[in-house]
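In the two complexes that follow, subunit A is the common piece, with subunit B as its partner first and subunit C second.
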Partner chain A sequence: MTRLLASQKFRRLAFQSGFIVCVGLVVLSAILVGHRNIAAQGIATGFSFLERTTGWPVNFAVIPVTAGSTYAWVLWAGLLNTMLVGFLTLLLATLLGLVLALFRVSSNTLMKLVGTTYVEVFRNVPVILQVFFWYALLTHLPSPREAIRLGVVVLSNRGLMFPSATLSGADLLILLAAVLMTGFALWIPARRTGAMLRWSLAGVLLATFFAALLLSFREIGEPLWSVPELKGLRFVGGITLKPEFAALLIGLVLFGAAYICEIIRGGLLSVDRGKLEAGTALGLTGFQVNRLIRIPLAIRAMLPSLTNQYVWLMKATTVGIAIGYPDYFAIVSTSINQTGQTLELLALLMAGFILINYSISFAMNRINDHIKIKGRS
Partner chain B sequence: MKNTFIGLATAALVALTGASTAQAQGQGLLDTIITRDSLLCTGHNGSYLGFAEVDAAGAWQGFDIEFCKALATAILGSPNKLQVIPVSWAQRFPALQSGDVDVIVKVTGWTQTRDTELGLQYSRPYFIGPFYVMAKKELGATGIADLEGGVFCVNAGTTVERVLTDYMASKGIQYESLAFEKGEELRSALYAGRCDAIAGFGPFLSATRVEAPDPEAYQILGDVLALEPEGIVVRQGEDDLLDVINWTVSALLMAEESGITQANVDEIKANPPSPTIARLLGVTPGVGTRLGISDDFAYNVIKAVGNYGEIYDRTVGDGSRYKLPRGLNNLWNQGGLLYPLVLD
Partner chain C sequence: MAETMPDTLIGAMAPPVIRSGPAAWLRKHFFATWYDAVFSVLFAVLIVWVLQALLQWTVIDAIWRVENRDLCTREAGACWAVIESRGRLILFGLYPFDEQWRSTLACLAIIVTIALSCLPAFWSFKRLPALWIAGFGIFVLLMRGGFAGLPLVTSEQWGGLSLTLFIFSGVVVIGMPLAVLFALARRSSLPVIAKSFGFFIDIVRSLPLLALLFAAAVVVPLLLPDALAGNKLMRVVVAFAIFFAAYQAEIIRAGLQSIPNGQGEAAVALGMPYWSRVIDILLPQAFRNTLPSTINQAVITFKETSIVTIIGFFEVMASGNAAIGNGEWGNQYVEVYVFLALIYFVFVFGLSRYGAWLEQRMRLGHD
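Moving on to the complex of A and B:
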């Protein structure tokens, strides 16, 4: 026994396992106590409510949701809403952030000023205020009856409405095939076929697709476009970009872009001046220096903080609840109120966000592993 | 070293289970409130006009807050022994279950899920709330059917969402629903014209109209979506507290029925016209001790907040800026649905 205690290895092992057991016991007892107290108060527990129908509608969803949908389906719709607005935000904020970062590092004083002003304004106002601002702006547009018409596009406080193609399932399949084939044609290396052949191939494919769409898969007289028309209190037909979605997206993109701009700028500035000068000395143009040397090297430097920012922006989508956008958080919140299954729904809420954000950081880390300079950690 | 950890783990376990035992098996909530000398009651996150609103001085007022005051007075003798905890609609049940509030007085509709699965217990309805739709006058609607295809804004996570869905489904009216978490956002969406109409509790709609930049631009349509009885809510098993709540509400109604007001309660107590009123005001002892509170609780309550009619008038009725008619919330002998219990 004394010999065992004298062994440092054993002591460390005992210390660590003792700690783990202790933490485990605390967690276990918390769960047990919680469970017993809930049972004592006569509160129903478990996930059986997920099978029940909700009885309330959802204003915006990418999958069909009615008051007869089950909680599981409505929560899934909420998660999709969060992902839709979240991933669009990441994409657009990154593009805008890149442009602004190039402004900020450029030698043109006016561009620098624009970039700096943008960052200072949008970074220093809380995101919820920005979202409120855009929402107030969009909802104070004219009512549907006095809507602003820009050709076929209609703008009112019910959103931005524009015509949509009336595509059937078969049309969509053809479209997908055409896109894939065009992509494939463009992907064939230019040195094998020559640029002319590639583009003409793509052109022929697109033309074939439109011809097929017009001729074979359409009933005679059926219009190709659905145009928004005022009918009673609302517009019917076309696609509507709702103010809740638009305000949330605009607010998050403008806010996120300010941060992403600074991350990208930091990355660009971290690239060794000598490497850029070496590129210029080799006769590369300014654009080529940026594309071939500066951006690839900058990406390595900025990826870790960019991951952080992406995860943060994804969580910021929860401000949608304030302006009536039914994101995952809003749906969970309403479900809690309707079913009272607080703990279960909060667990689902956390699981949903961990799933999305862990996927983001997992993908970003894979990219980071792939592009980082080998041999450095 | 290992022993230290086992000691710690045991201590943690004892602390956790011990704490829960005190809560589960110890004294009832009524005794806890008396020991604490303060009642924790629900407010609102922001203002729910007419029912729980914060005035310019930062003090809570409104119909529900008056009932919180009445309960604090009945149990603890003074309306000031009240702590109003601001909670949202969605937070109210978790707040009650976790003990952050003692009672929910927050126009809470009596639904079966809440009564059973949430482990709640309701008092007798202290308010009858009809649901209506309020639309913009310029739409020229005379009934809900005229709003076909319109956007209806509602409070997220309330019974209104379901009530409206059911009504529209039964009448076959197409509409679009938009839910807001906070009353302020809902109102500004209506005023900005994002919605054609809002559906909700009658009093809430009148309050929303009064607050509007142009109150004349809105009208409450005659169609009643549904009728909802609102009760005061406690946790299942807090029977002592529930008894006090029911008899306090009953005392307020009995006071109105017998013409006892804040102004004349002293006079009537000095010279009670009937044995029942003598019992009610604690001149003849008994009615309070049975509930575990003071015998003159009803006297204190009436002295502090007045009778049911006075509370109504002051907060949402003719004496307030909302001018909500009594309607169903009148006494049984005035064409309403409310009545006191028998005080023997």
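Moving on to the complex of A and C:
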């Protein structure tokens, strides 16, 4: 017996089995207690509630949602809302972050000052405070009758209104085809066609499809743009960004851009100066040094942090609930209040976010694998 | 080698002209190229315009005293009278008016704790935990009272900045030991332990903080016997601490990985037991190597305490919203949000500057 206890192999085995038993007991007792408490409240378990109609309205959705929609449909609408605001945030924050990073690495002192001030102001204030601020600002705008007009953009307390292209389903399909074809053209290996040919091919394809889009698929005289116009007490036409959506998007983009700026700047600064000087010594121009040496190396350095930041921003969309934007979390929490199906809905909540975040990590890791310097680790 | 040499040598280039003096400095930093010049002029105009407008709004046209609040209109500057009128609500929440000096002292205790833990003299495995437990203890005793003639104030009445600081320090005090535990467990040589903690950490990291806090506030009481459930604030602080620990554990793990293997092996060769090896050899180095990331994590945590406002706690963000929530000061939202932003900015900017300075100093030590 003592020999058995002294054997390290046995002790390791015993410790790990003990751990499994403890975790199992905790989970089991939680399930038992939970079952008893839920039964005491008279709530049915299981996912059958997903088939029921909700009976409450949702104030913003990209798919048609009414009070008669089922829980499954409304939850799907919430997930789409999260993805809409999330992916738009990633796109816009990356663009703004890139511009700010270029400001910060420029040799111009004033541009540096503007970039640095922006980053320090927007990074050091909680994102929820910024979202509250923009929401208050947007809802305190004048009513539609006294709306502020900045050119074709209209600002009122009903939201931000922009002119929109009048696109039919067929137009959208063509646009999708154009983007896919352009992507395919760019994807053809450079050494077979030559870079110039590849780019011009892409340009020609894109132009052809845009022309086809604009000319052949619409009635003669039908306007290309729909502009918001005041009719009675409200605006019609154009595209309206509701205050909830606009405030959340603005807040997240301005906050995210400050972080992304720092990641991009770090990436650009991480490129060894010797490599840039070597490029100059080989007779490359400043633009070529940036395009061929600096940016490819910088992207490799910044991708892992950028992935983390993207996942973080995706999760940060949950603050939308504070101003009434019906994102996935908001829909789940309202559903919990209405049905009491707490555990099932929390499982769906976790599944939704794990799905989105793992897709981002997966896509970014694929990009990383594709561009990383081959032959090293 | 010889055949690669050119027949004739390329003529030597002239040495670069070194310019100095104010004109050269101006040219280098503002007018290096024609587009630099355009940008410089544009940005100069922009900066002057923004600064002028800011000064006008915050100081020159501002209304400072509550007596003059009738002058607060859309056209006037900042109406700082709202801060005079609602400042106490924002800073102390619903804490009893006569006892607010205790809330102030408690906040100071936490601020002093944060400041002291920035001093290298406190960076030891005995002093740092002792400092934080003492600071946190003083805070809770002062806020709660119920002894030596101080009236009892339960945590439901805590609010404002002191609740923010309570959540922050509670998360750090509970989360830091948890983070060490998670990091060690994930690096354990026992496969079951390492795998299950790895899985747990990854799941927590992929969830939004808000979802975790919401689950702690709403779901945990369903799963725990009533005796264990505790009050809502405690549950939320513990859930927040687990979230913090999952992130901090990965930082500590990176720090542990950066230590050369020889260090641990030398300790084994000397016959040091596991815990002594970890506490005296590995963890001090791991923490030292990852100080900047740790401070960054603390900064993020401080900002994220504002999230608890959504699940119904009256911390400084929520009390700020309450200050403008009723009709009386409803139009002064910009002033109140600017005031809140300044409060967060002081803490967050101070800590992150300190982190940057530390990083600089450590880099100097290494080179």
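Everything below uses one rule, namely that the second predicted complex is superposed on the first by the 255 of 377 C-alpha atoms of A that agree within 3 Å, B and C clash if a C-alpha of one lies under 4 Å from a C-alpha of the other, contacts with A are read in each partner's own complex, and residues count from 1 in each chain.
Going forward, contacts are C-beta pairs under 8 Å (C-beta built on N, C-alpha and C of every residue); 3 or more make two chains touch, one makes a residue touch a chain.
Being a predicted model, the structure only gives us computed values, none of them experimental.
Enquirer: Looking at the overlay, does A:111 come into contact with subunit B only (first), subunit C only (second), both, or neither?
Expert: second
Enquirer: For A:232, decide between first (touching subunit B), second (touching subunit C), both and neither.
Expert: first
Enquirer: Contacts for A:120 in the overlay, against subunit B (first) and subunit C (second): which applies, first, second, both or neither?
Expert: So A:120 only meets subunit C here.
Enquirer: Once the shared chain is lined up, is A:15 touching subunit B (first), subunit C (second), both, or neither of them?
Expert: Touch partners of A:15: subunit B and subunit C.
Enquirer: Of the two partner chains, subunit B (first) and subunit C (second), which one does A:318 touch, if any: first, second, both, or neither?
Expert: In the superposed model, A:318 contacts subunit C only, not subunit B.
Enquirer: Let me test your reading of the model: by the given contact rule, A:353 touches which partner, first (subunit B), second (subunit C), both or neither?
Expert: In the superposition, A:353 touches subunit C alone.
Enquirer: What is the contact status of A:33 with respect to subunit B (first) and subunit C (second): first, second, both, or neither?
Expert: The answer is both, since A:33 touches subunit B and subunit C.
Enquirer: A:128 contacts which: subunit B (first), subunit C (second), both, neither?
Expert: The second partner, subunit C, only.
Enquirer: Find the residues of subunit A that appear in the contact set with subunit B and again in the contact set with subunit C.
Expert: 15, 19, 30, 33, 37-38, 136, 140, 321-322, 333, 336, 342
Enquirer: In the complex of these two chains, what residues of subunit B are touching subunit A?
Expert: Subunit B residues touching subunit A: 1-2, 5-6, 8-9, 12-13, 16-17, 20, 23-24, 89-90, 93-94, 97, 113-114, 116-119, 139, 147-151, 153, 156-158, 161-162, 165-166, 169, 176-182, 185, 188-189, 192-194, 196, 235-237.
Enquirer: Over in the complex, which subunit A residues touch subunit C? Could you list them?
Expert: It comes out as residues 12, 15-16, 19-20, 23, 30-31, 33-34, 37-38, 107-111, 113-114, 120-121, 124-129, 132-133, 136-137, 140, 311, 315-316, 318-319, 321-322, 329, 333, 336, 342-343, 346, 349-350, 353-354, 357-358.
Enquirer: Can you name the residues of subunit C that touch subunit A in the complex?
Expert: Interface residues on the subunit C side: 28-30, 32, 36, 39-40, 43-44, 46-47, 190-193, 196, 203, 206-211, 214-215, 218-219, 221-225, 303-304, 306-307, 309-310, 317, 321, 324, 331, 333-334, 337, 340-341, 344-345, 348-349, 352.
Enquirer: Inside the complex, what are the residues of subunit A that reach subunit B?
Expert: 11, 14-15, 18-19, 21-22, 25-26, 29-30, 33, 36-38, 40-44, 55-57, 59, 67, 136, 139-140, 143, 157-158, 231-234, 236, 243-244, 321-324, 326, 330, 333-334, 336-340, 342
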